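First chain A sits with chain B, and in the next complex the same chain sits with chain C.
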Partner chain A sequence: MPKFLIWTAALAALIALPHGLSFSQQEILVFLTINVLLVASYRLLTLTGEWSLGHVVIMGVGAYSSALLTKKLGVYVPVSMLLGGVIAALIAVLLSFPLFRMKGFYFLIGSFAAGEIIRLLWKRFRDPFGGAKGIKGIDPMPDFSAGFYQFDFFEPASYYYFAGAVVAVCLWILWRIEKSPVGLTFHAVHWQDKLAQASGVNVRAYRTLAFAIASGFAGISGALLAHYVGTINPNAFDIDLMVYVLTWAIVGGTATFYGPILGCVVLTVINEIVLRELGLEQMRPLIYGAIMILSILFLPNGLESIVQKFTQRRAAGGAPERRPAE
Partner chain B sequence: MLDLLAQTGLNAVYAASYISLVAVGLVLIFGVMGVINFAHGELFMAGAYAVVALYADLNVPFFAAVAIGLLFVGCLGLLMEKALFRPLKTNPLGGLVASIGFLMILQALAVMGFGVRMEHIPPVTQEVIAFTDKVRLPVARLYVIVAAVVLLSALWYFLKRTRFGWALRASAQDPEAAALQGISIVQTAKIAMFIGAGLAGIAGALTAPLVSVNPHMGHSVIVTAFIVIIVGGVGSLEGAIVASIAYALVHTFVTTFYDGVLADIVGLSLMLVVLIVKPTGLFGSADRA
Partner chain C sequence: MISKIVKSGLTRRTFLKSTAVTALSAGLPGASRAAGSTIRIGFLAPLTGAVAAWGKPGLDGCQIWAERVNAAGGIKLGDGSHEIEFVSYDNEYDPAKARTGATKLIREDGVSFIMMLGGDTWPGVQPVADKTGMLFSTLLPSDLSPDTSTLIAPAEVHPIYNVTGVEWLAENKPELKTAVMCAQDDALGLPSVATYLAAFEAAGIEMLDAPLLFDPATTDFAPVVTRLISKDPDIVCLDTCYSDYVHPIAEQLFQQGFKGQIISCTADFYDQMIAKTSEEFMEGFVFQFPDFDDPALNGSNINFTDPNGFYAEYNRRHPGQWGAVSWEYASIMDLWKAAAEKAGSASPDAVAAAMKDGKGKHAFGDADWWGTELFGIDNALVGDWPVVAIEQGKARIKDFRSIPDWYAKHGDLLVKHMQAYDQMWDQRS
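Up next, the complex of A and B:
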């Protein structure tokens, strides 16, 4: 079973990975793992054809919720992470009422505005959000021993295994959702919304569902971040990170499940490892920007199109020749 | 109290002037190119740095520096049109991402050329028009107001009364039909990019002595411009101007009487309310979305 072997080898490589890296690279690896979940959840939202600029703030909702739950109410950390995701999903449902009156460019900017309002509320209200300085001293994941391995969650390698497991489960759920009838309906809502509506699909409800699910997983990624870093503030969830998420998704390509993840991994490795190693600190954004422009100009269908060229296999269910929608 | 109201009103007029210059440029680019120029705030920044380099460092006369800044940023617009937006015409999200890449390049160049510290430029003029003891309008701010009124009136005349303007509006409305009428789409795109970028550049150049110039100053400018063009209705120049004035009034008054963060929240909330009530903005129409 070659497929089984490939998966086992990939798993072994992922487990061995942190031991070949320096401490700071291990930290980058943790952030990368969290960002993979963020960008994969973003893709679920884009399935229905809407591009949000508020996704990172929703991630922050999960981070703030989980941090406050543990700090104020003493909730057990893994439980608070889940609750962070739930709260992020609920906030998304609330936001969907004003936002889904808009489409396309208006939705893009409307979601940005809604996100900015939430972010500025964190900034303005010191109680309970800590104002511009944010929340410090967030409880870490409690240490535990698995017998053969002692998990110390201040160690990036340990947290990488924990986050990796959580993200893997979340990705599997996202994958299952996308391949389910619900996921196919998301595609229908994007490409044939009039037809979908005519055949009895409640387009608005499906958009809201996609928005809520995507936000829930973004919230979990935020909670993973908060309990690793131990401190969060409004600026951690600003438009800069959102721009990165957007470019990861578009540069990677959004026709397949793995496209945005590929974009996230490749661009992060280039930016954080290759360019940092070259020691061109001030030049880094310049080169990164140039890479973005070149990849958009010469790979309009994203990095995933390279993979498809070599494997000659089209992901089932994905719409062929998908062009980013307005 | 009356003095404070009058002074705040004057401040609002000044804010409305530079916001509308930036926002109208952004609308023009969106209208003709169909792309959201995320780098528009950085074009504003480039205009400001042109004044830093020419006026503050090389002692070029201020207005000459502003004029060169305008041309320089206009040419940046032409560069963007040729290198980014023309090849990505069929890919609006690609154009968006490309403009984000361009933004990063401009920011990095500003950091490399001038450092990350804030630049304070020697004042151009210390003159102040004093209406009363407490109601005062610095002449440097008056320049911005005059520039906005003159340039936007000229643009309005150009768009509504000249053949070039007709061509520009035609290719914004229906590029294919315009091309069939013998209008060069590439030509109109170039003109729109030059004017749109130039307006952002002159706004940055004229406000440079009044603010602290730094590589990240484009950020708040683009956010404000987005709010304004959404409230006004994407693609509507009149809407952008009306919304600039309304936004500047609200923002300036809330900042004066409460604080800046609350003013941002109020501004964004107003925009959401407008979008909820009329999802295409005040002056927008559905088919331009």
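Up next, the complex of A and C:
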């Protein structure tokens, strides 16, 4: 029952959230919601022990696919978003053939190279990808009325509700996957790969599965971005954004489902709201870097370790400790 | 307020109304426009990151401009005098952040006009401009199209003015017969490549190779330069490379022994380039952006207010940071101020109408609103542009050349090359 109340209160807070924010903060909230899905999907890949530098490009595959499906074929936007995720997953399956011949550091570098090849293809083929300028005038999500609420997707609050619902469903699916036997096998592939192999687990197939699922959800996050901003270009999915994703994951921690999400939320709020409001706009890269270094030095297990300490202490405090004298 | 807006459907009128009310409720001075109140101007450009060199110096120039105008009594509108204040937002050259910044500047800060660098960031802002009717300016007229009725390019008709440098070179150094070119493969580099190709063709200078397009992530320019000069060209053209590329390319040209002519759109912080190479190597380097202490800018044709004083003050506050955009945003403000005073109002519609009524007071002389053929809309201010060369370590204006005159003679070549690179307004996806 208390768990149900906590979830209900959290949901109510998330619904009320945009109305307590300024217009520009609502905009940031939209991008934050999309990035939450991006970083959560990235964590699924890391469960198998592989860290990719191509995840943001895969996000771009979803964005480009969805944009082109609506622009060239007139596909209905929500359907194109879903197809964007499917295409991103399929591209990941294709990439897995060369990439999963490598492991660890080699996979990391290989994924970066694969991502760069995709980005160069977007630049090289102006038709249909728009070349260096990318694609603009991407169809927005069509407005509609849900009776109690008029969804005008130019308004950040409306898009936040839409993206929030999509991201919530995606996070629930990711959570269920992680807690399923498949998710446990992902962990086994990471921590006990020889043993898993000896037990009949096809390690490469599971790595491919994790890569494809993570890429599919990254693709959906890209599609959500494309149909909100209305424009995409190859530079929007370059290594700079990938560094941010890595930073969110490292600062938040990857041991728990919520770790990278926590990292994404905290660092985005600091970077986009706190530092700008403090008038330190041009100092942000410097301060952001310092925060990352300090968090690695003093919080090697990420922000999630603070939450874990707090929740463990509360759990211990809930049941009074027995003393020998008693 | 939001539910009210969404119920009625967001139009320009309801949007601006809601913005004004929101700004007033937040106690922002720019919203009420009472006599004596401050008028806020938005500055939405990259202030950090790789493209910051084309944002930050512009903001610094605008601060000086505002202080000078405010000290002289501010801007005189129908309801009295107003001071000017700049509100900046660092868009990091990212369309999503540019959209957020435009929303903040319009709906929270109550600005009357927004200046942008443009390029990759404009498509993210365009829906906001369409909804609100806010007047925006860009330094990159390749952002213009028939759909961008509230976007103007009043300072820089990039990259069309690059033709003047090539034309001057052909007339003054006729012995130069062959050229090669490199550029970063992006929205800034490609239209410039098309322009230089047209200019070289018009000048009868032979291109020895197709333009070498490198990835914007390139950091090692040794192989780029080796390939460039392998055909022994008379001219190496650096297109519109960012200063992060111009400097290492020039350094490589020096190290690899190139002795010919260099032409470039910009040569920001050229003193550092001289320090890395030599004064002899940089002698005669041709580009398009003067220092404002140049005596040639004291002519009666120049509309920029006190260019020499502006340059001195800029260098006193920001030594060694003068660049191509240091004066450009400020020159746009000169134009905006004149139009607002003519209209007697700072409202975007009134200023835009006054601005386009007759000839425009461009920094380098009176100019015409132009661009239907190339951009699909007459929202670019085009007239004369200076050709600058480095002489004994100092940039000097060699001549002012007319862009419309060149276009009247060779416009078909420009259109041909723009089409080949898919850069005409109707080819942009």
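The rule we apply is simple: the second predicted complex is superposed on the first by the 312 of 326 C-alpha atoms of A that agree within 3 Å, B and C clash if a C-alpha of one lies under 4 Å from a C-alpha of the other, contacts with A are read in each partner's own complex, and residues count from 1 in each chain.
Note that a contact is a pair of C-beta atoms (placed from the backbone, for glycine too) under 8 Å apart; a residue touches a chain by one contact, two chains touch by 3 or more.
Remember, predicted model here, so these are calculated numbers, not experimental data.
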Put the two structures on top of each other at chain A: do chain B and chain C fit, or clash?
clash
In the superposed arrangement, does A:258 touch chain B (first), chain C (second), both or neither?
neither
With both complexes superposed on chain A, which partner does A:101 reach: first (chain B), second (chain C), both or neither?
first
Could you tell me if A:248 is touching chain B, chain C, both of them or neither one (first, second, both, neither)?
neither
Partner chain in contact with A:160 - chain B first, chain C second, else both or neither
neither
Just chain B (first), just chain C (second), both, or neither: which does A:114 touch?
first
So, A:297: does it touch chain B (first), chain C (second), both, or neither?
first
Per the contact definition in the header, classify A:284: touching chain B only (first), chain C only (second), both, or neither.
both
Does chain B (first) or chain C (second) touch A:123, or do both, or does neither?
both
By the touch definition at the top of the document, which applies to A:206: first (chain B), second (chain C), both, or neither?
neither
So the two structures are superposed on chain A. Out of 27-35, 117-125, 171-179 or 189-197, which stretch of chain B collides with chain C?
117-125
Which positions of chain A sit in both the chain B and the chain C interface?
120, 123, 239, 282, 284-285
Once bound in the complex, which stretches of chain C touch chain A?
2, 5-7, 9-10, 22, 47-49, 56, 88-90, 93-96, 99-101, 103-104, 107-108, 120, 123-124, 126-127, 131, 185-187, 189-190, 215-217, 422, 428-429
Can you list the residues on chain B that touch chain A in the complex?
36, 38, 83-84, 87-88, 90-94, 96-98, 100-105, 107-109, 111-112, 219, 223, 226-227, 230, 234, 261-262, 264-265, 268-269, 271-272, 275-276, 279-281, 289
Which positions of chain A touch chain B when the two form their complex?
51, 98, 101-106, 108-110, 112-114, 116-117, 120-121, 123-124, 239, 243, 246-247, 250-251, 282-286, 288-293, 296-297, 300, 323-326
Any idea which chain A residues touch chain C in the complex?
19, 22-24, 27-28, 31, 71, 120, 123, 126, 128, 130-137, 140, 149-152, 154-158, 225, 228-233, 235-236, 238-240, 272, 276, 281-282, 284-285
